[in-house]
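Okay, so chain A shows up in both of these, paired with chain B first and chain C after.
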Partner chain A sequence: MNFLFYTGKRFLQVIPALFGISVAVFLLVHAIPGDPADVILGQTSTPARAKVIHHMLGIDRPVFVQYFSFLGHLFHGSLGTSFYNNDSVTTLIAGRLSATLFLMVGGILLALLISLPLAILAASKEGALRDQAVRVVPIIGLGMPQVWIGIELILLLGLKVHLFPVSGFGDTFLQHLRSSFLPALSIAIGLSPILIRSLRAAMLEILEADFVLTAKAKGIGKSRVMISHVVRNAVIASVTVLGVNIAYLVGSTVIVERVFAIPATGSLMIDAISKRDYPIVQGVTIFFAVVVVVVNLLADLIHASLDPRVAL
Partner chain B sequence: MKASKKSRRAVALAAVVIGSLVGSILPASASNSAPKGDLVLVRNQDFATFNPDLAQNDSIFIQQQIYEPLYMISQDGKTVSPWLAKSATEASDNLTWTIKLRTDIKFSDGTPMTSADVKFSLDIATKGDGWGFLNSAIDNITTPDASTVVIKTKTPWAPLLSDLACFSNSILPNNYGGKSAADFFKAPIGTGPFKLDHWTPGTEIKMVANPNYWQPGKPYLNSVTWKYVADDNTRALMLQSGQADINEFPPATSVAQIKKTSGLTVQAFPAAASEYIAMNESTPALADVHVRRALSYAFDRRSVIKVVLAGLGTPSNSILAPNVGFYDPKSPGVQYDLKAAAAELAKSKFAKGLKLEYLATSGSVEDNAMSSILQASLKKIGVTLTINTQEPKVKRATQKAMNYQLTSTGWTMDISDPDELLTFALDPLNGGTHSFYTNYNNPAVVAAVRAGQANSDPAARQKSYSLAQKLVANEAMMIFAYNAPYIYAWRSNITGFQVTPTLSYHMEDVKKG
Partner chain C sequence: MSSRLRNRPGLIKRLNFSANVALYSGIAIISTLALLAIAAPLISHYDPTGQDLENTLLSPNIHHLLGTDQLGRDVMTRLLYGARIDLAIGVIAVFLPFVIGTTLGLISGWRGGWFDAILMRIVDTTIAFPFYVLAIALVFVVGAGPKAIILAISLVGWVAYCRIIRAAVLVAKELDYVHAAKLSGLPTRRILRRHVLPNVISQAIIFSMSDIVLSILAIVSLGYLGLGVPIPTAEWGSMIQEGQAYILQQWWIPTIPGVMVVITGFGLSLVGDGLVKRLNK
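Then we have the complex of A and B:
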């Protein structure tokens, strides 16, 4: 009963949150200076011609009228249509989602593949040469711009070795996988320094924990203790670090999307901002806001179902 | 009656002989008509629309492969010649134009093009919110027969054929081929060398050869794919790796490097485009002609061209670029001369020096160079120039609101005739932009521009436009900065790629070997 009450309460809390986000996004988008009519009319834009375009796009109406029209569409499941090609914003976002997922999931997986062994190597002997060496890696990694990493990877693995395409996303699943490897690696190289640091710190802390000392006292092998006890617990702690860095991850994808010409949601958003395509900017922001709110809600509900104290 | 074996053989032999004779008489292109080669062009702009009325540079060059106009701009950018039309005759009233159409034109779906399609297309173009202003002189259009169109203008209108050559006056099927406008622009058809295969917004647009194209043997290519790749470096690498065949607008600073790369060709095509620095005459100092002339003298055009264009450009001497019809090479546009700048400033009411602000585009290499080079020169003659930067669209809004003193601006010709630009830039009433948002207003210039518009005699038009160019150059209406070319790089197995000064690509002439 308590769980049902909690679920209901959390659902009700989501509604004002989403409403607030929709108002904020709408007002912010309309507050940015710059005229969509200038994009449509180009160099020949005059105030008189721009006025006609404003009417055509419906942006000559009072802002609150535009907002309620936007809200009306939202309730019908529509995020509106692009100012420039009449495409449905929902369709445009849907078309870009798979590329975004490939980049983000690929980036996280590769970052873990890079970070875990290095962190284990460093933490297994604190202060040793290998530890010092691994601690330097994050500093170098943090200092390398994503654009530069991307270009270097293209030059080496795309142009010289011909292992991967220079750019693009391909048409089939396998092509997507191959095309997204280098961009995901660029993201991973940027993300790894943070992960290595947090994993190493967590491992060193766990190595001192009572249960690890007990395991060692029982005579369990060093590597088994490391894998079964230390790494497992350190990864849980680092997942929080990864979660906090999701914003960084989204930011990174925008840059690699540009360098590798991958059509994902980041470039859709950036292009829309520069063209003042309000419906797309609103749509992408609302979409990600809903994703974040829903994921948080699900996490809370799962947490509550596992820990009855949360609902009290 | 049964034909004998011998006579059948004779008939077969005759057929082979006649066939081979016909084959040898027909042009080679017609006998070898199967298009081959798939070309990929990479560009830094995403295609936006198939609606000609709302097209800008991101869409125009691509649309032109599907739609075609009645007249076509020449390779030197200064004149037009018949394309889907056969001829045009201007009546003695200077108001009636009779246009004869070609009768061998078909849309890509096989439907013949007739005067009904032309009337429909020109009518919707005239009503268009975007480019309709180009057709503002058109009063009405009639179609006496399937291959004749009569256009009546409200006033004598010399630029008519140039206007008809603009992409905005492309010929579409009558009534959008029975579809709604929205549906048609998702799956358009035209008379052009290619037809749409698919369009993935944000990624690419692919076209395949139009089997009904009216030019025998063309297009040579099987398909053309236009890919949107925002990053300059990535486009360069794609070209180098063979993932792309043509790179649209590589940075001028990369030209030397491309020239050194084997298997690549780079070319700078002359452009009918100009870069300017606008001066807002609402600012008291800039209403003073001597101050404007001083600033114009102080602008070191060659240094900017060296920094920004690696030397690939020419200093401007006129409001018109050299590749525009009626450009006057003798236009007395002020050139860099610091002594003359100081002398002009001494003649002004601001001889003791003044402070001005330059509004630049954030992140623009060109604007950064232009503003800082001007700033350094002006310092030497006692003018303090402060540089402020704004994001491109914000800067544009500031310019339109006329909340600036000096700012960079530019123009790319859409038609061969100077009328569109000169009306926009010099005629405050008909241009609708306070003369390029400068508040410049000289009745003698306005009269010259309008005289050029109304007179069909080329010599008389040249006289009018030369006068307009001379007056605005002497009064330094804007700082005429430089003319930059359009730069393209391509793989050396690509031949026949040409670009007109108004940025038209004739992809039907391109071959991939």
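Then we have the complex of A and C:
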């Protein structure tokens, strides 16, 4: 019952955020200088034709009416249509989604693979040499630009030793997997400094908890306490840490896919900028913001279902 | 530090010493970089945007310490002039979020009520936008360049300061010295400025160090995407982007600007860590 109550409460908290996103993006698009009719008509623009386009796009109506019609479309899952080929933005995003998912999921998995062992190593003996050594990683890692990590990986693992393809996304599932390895690794290396810091702190907290003390007092070996008590809880903690940093993760995929010329959702947006195709820019912005809100919600709910203390 | 360490005065002293070492070496790194950037015209007599099409993609030699790029521009010179752009915008971009976030956090934490409730909803909305997605959208609105970068960083960056200061104010306003100031009838403005602010600002200052790193990363990334400082201005991000095409022959062209960012980040992290240990004593 408690969990249900918590779930309901969290769902209600999402509503103001979604409302805020819709207002922010709507205002952002309205702040764009210039007339969209000029973009669509190009050289053939005349005042009369522009007026027709205004009417077609509905931008000759009052701002409030426009906002509510925009909101209405959003509720129906419609993000508008591209200025160029009348494709619906939802379809365009859906077409790019699998590449984005490959990068995000791969990035998360690799980031955990890098960060969890290091965090465990550091936290297992606070203040020791290995702890000091691991703590240097974030200090250096935080200053590494994502694009630069990507390029160095291309150089070292792609071009020097031809282990992985350095651009494109391939056609089959296996090719996707191989092509997305280096970009996912770049994302993971960029995310790891943050994860290592948070996970190390979380592990230290767990190590001081009563149940760990109890386990130790019962005479259970150190490595077993570490694995069955501490690491298990650290995995729960990583769910939260990842949830908090999901916006950062999404941002990284947008940058990194560019380095590896992968046609994912971020490129859709960046390409739309030079064409001034603003339904796409608007749609992708909303899409990513909603993804962040939803993943945050999921992370909280997963955390609550794994950790009984949260819902209380 | 755990309680175990707190009882050992010898170790504490050593930690303070190491905190100072971190702080001073961080300051040394950052001031060296700043000096190099400021003295760029004195160090190099090349024009950072001056092309020399007869001497393109040269390897490092006595005239060009880091060689030349695809347009024959001296890489070393562009690196130094790039530092001017990236460091300057990095610091400037953090200033506005710092001031706005601190002010709003102070008011929000102190007043609570509807102001706090509305502000926190705005905070929730803001953190839903991935920074680069919002930055790209803003470039679309205001056009590529430093203006868009600073605007994007400001729009997103104030949130962190606001939350940090708000949390600190919530604690501070229940403390005796604040109650005392209230009871002695001081005006709220004076209490906030003279009593609360000096006691809560340290966290924000510490955070601003890593925030400068983040904003430099943003400038570099947007520069790489072609949405930052327009070419041909020397800027680390666009240097990385232009160098990517020649990575097999001249690997250092895209590599070294990144190393500069790492060194900058390392220096600022050291300053930040040193400040944490100093201010949290």
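Note that the second predicted complex is superposed on the first by the 211 of 312 C-alpha atoms of A that agree within 3 Å, B and C clash if a C-alpha of one lies under 4 Å from a C-alpha of the other, contacts with A are read in each partner's own complex, and residues count from 1 in each chain.
Convention: a residue touches a chain if its C-beta (ideal position, glycine included) is under 8 Å from a C-beta of that chain, and two chains touch if they have at least 3 such contacts.
These figures come from a predicted structure and were not determined experimentally.
Trainee: For A:Ile21, select first, second, both or neither according to whether it touches chain B, chain C, the two together, or no partner.
Mentor: In the superposition, A:Ile21 touches chain C alone.
Trainee: Touching A:Asn86 in the superposition: chain B (first), chain C (second), both, neither?
Mentor: first
Trainee: Quick one: classify A:Phe102 as touching chain B (first), chain C (second), both or neither.
Mentor: So A:Phe102 meets neither chain B nor chain C here.
Trainee: Looking at A:Ile151 after the superposition, I want to know if it touches chain B, chain C, both of them or none. Which is it: first, second, both, neither?
Mentor: Once the two structures are laid over each other on A, A:Ile151 reaches both partners.
Trainee: State whether A:Ser267 touches chain B only (first), chain C only (second), both chains, or neither.
Mentor: Only chain B; A:Ser267 stays clear of chain C.
Trainee: Contacts for A:Leu159 in the overlay, against chain B (first) and chain C (second): which applies, first, second, both or neither?
Mentor: The answer is both, since A:Leu159 touches chain B and chain C.
Trainee: Once the structures are superposed on A, label A:Ala31 by its partner contacts, choosing first (chain B), second (chain C), both or neither.
Mentor: After superposition on chain A, A:Ala31 lies in contact with chain C alone.
Trainee: Touch check for A:Thr44: first (chain B), second (chain C), both, or neither?
Mentor: First partner only.
Trainee: Using the touch definition from the top, say if A:Tyr6 reaches chain B (first), chain C (second), both or neither.
Mentor: In the superposed model, A:Tyr6 contacts neither chain B nor chain C.
Trainee: Let me check the overlay on chain A: which residues of chain A are in contact with chain B and also with chain C?
Mentor: Shared contact residues on chain A (touching chain B in one complex, chain C in the other): 32-33, 147, 151, 154-155, 159, 258-259, 276.
Trainee: Any idea which chain A residues touch chain C in the complex?
Mentor: Touch residues, chain A against chain C: 13, 16-17, 20-21, 24-25, 28, 31-33, 126-127, 138-140, 142-148, 151-152, 154-155, 159, 208, 247-248, 250-252, 254-255, 258-259, 266, 269-270, 273, 276, 278, 281-282, 284-285, 288-290, 292-293, 296.
Trainee: What residues of chain B sit close enough to touch chain A in their complex?
Mentor: 46, 48-49, 54, 56-57, 129-131, 133, 182, 185, 200-203, 227-231, 233-234, 237-238, 240-241, 243, 391-394, 396-398, 400, 410-412, 414, 420, 424, 431-433
Trainee: For chain A, which residues count as touching chain B in their complex?
Mentor: Where chain A meets chain B, its residues are 32-35, 38-50, 52-53, 56, 82, 84-87, 92, 95-96, 147, 151, 154-155, 158-159, 162, 165-169, 258-261, 263, 267-268, 271, 274, 276.
Trainee: For a test of understanding, state which residues of chain C touch chain A in their complex under the given definition.
Mentor: 2, 5, 121-122, 124-125, 127-134, 136-141, 210, 213, 217, 220-221, 224-225, 227, 237, 240-241, 244, 247-248, 251, 254-255, 257-258, 261-266, 268-270, 273
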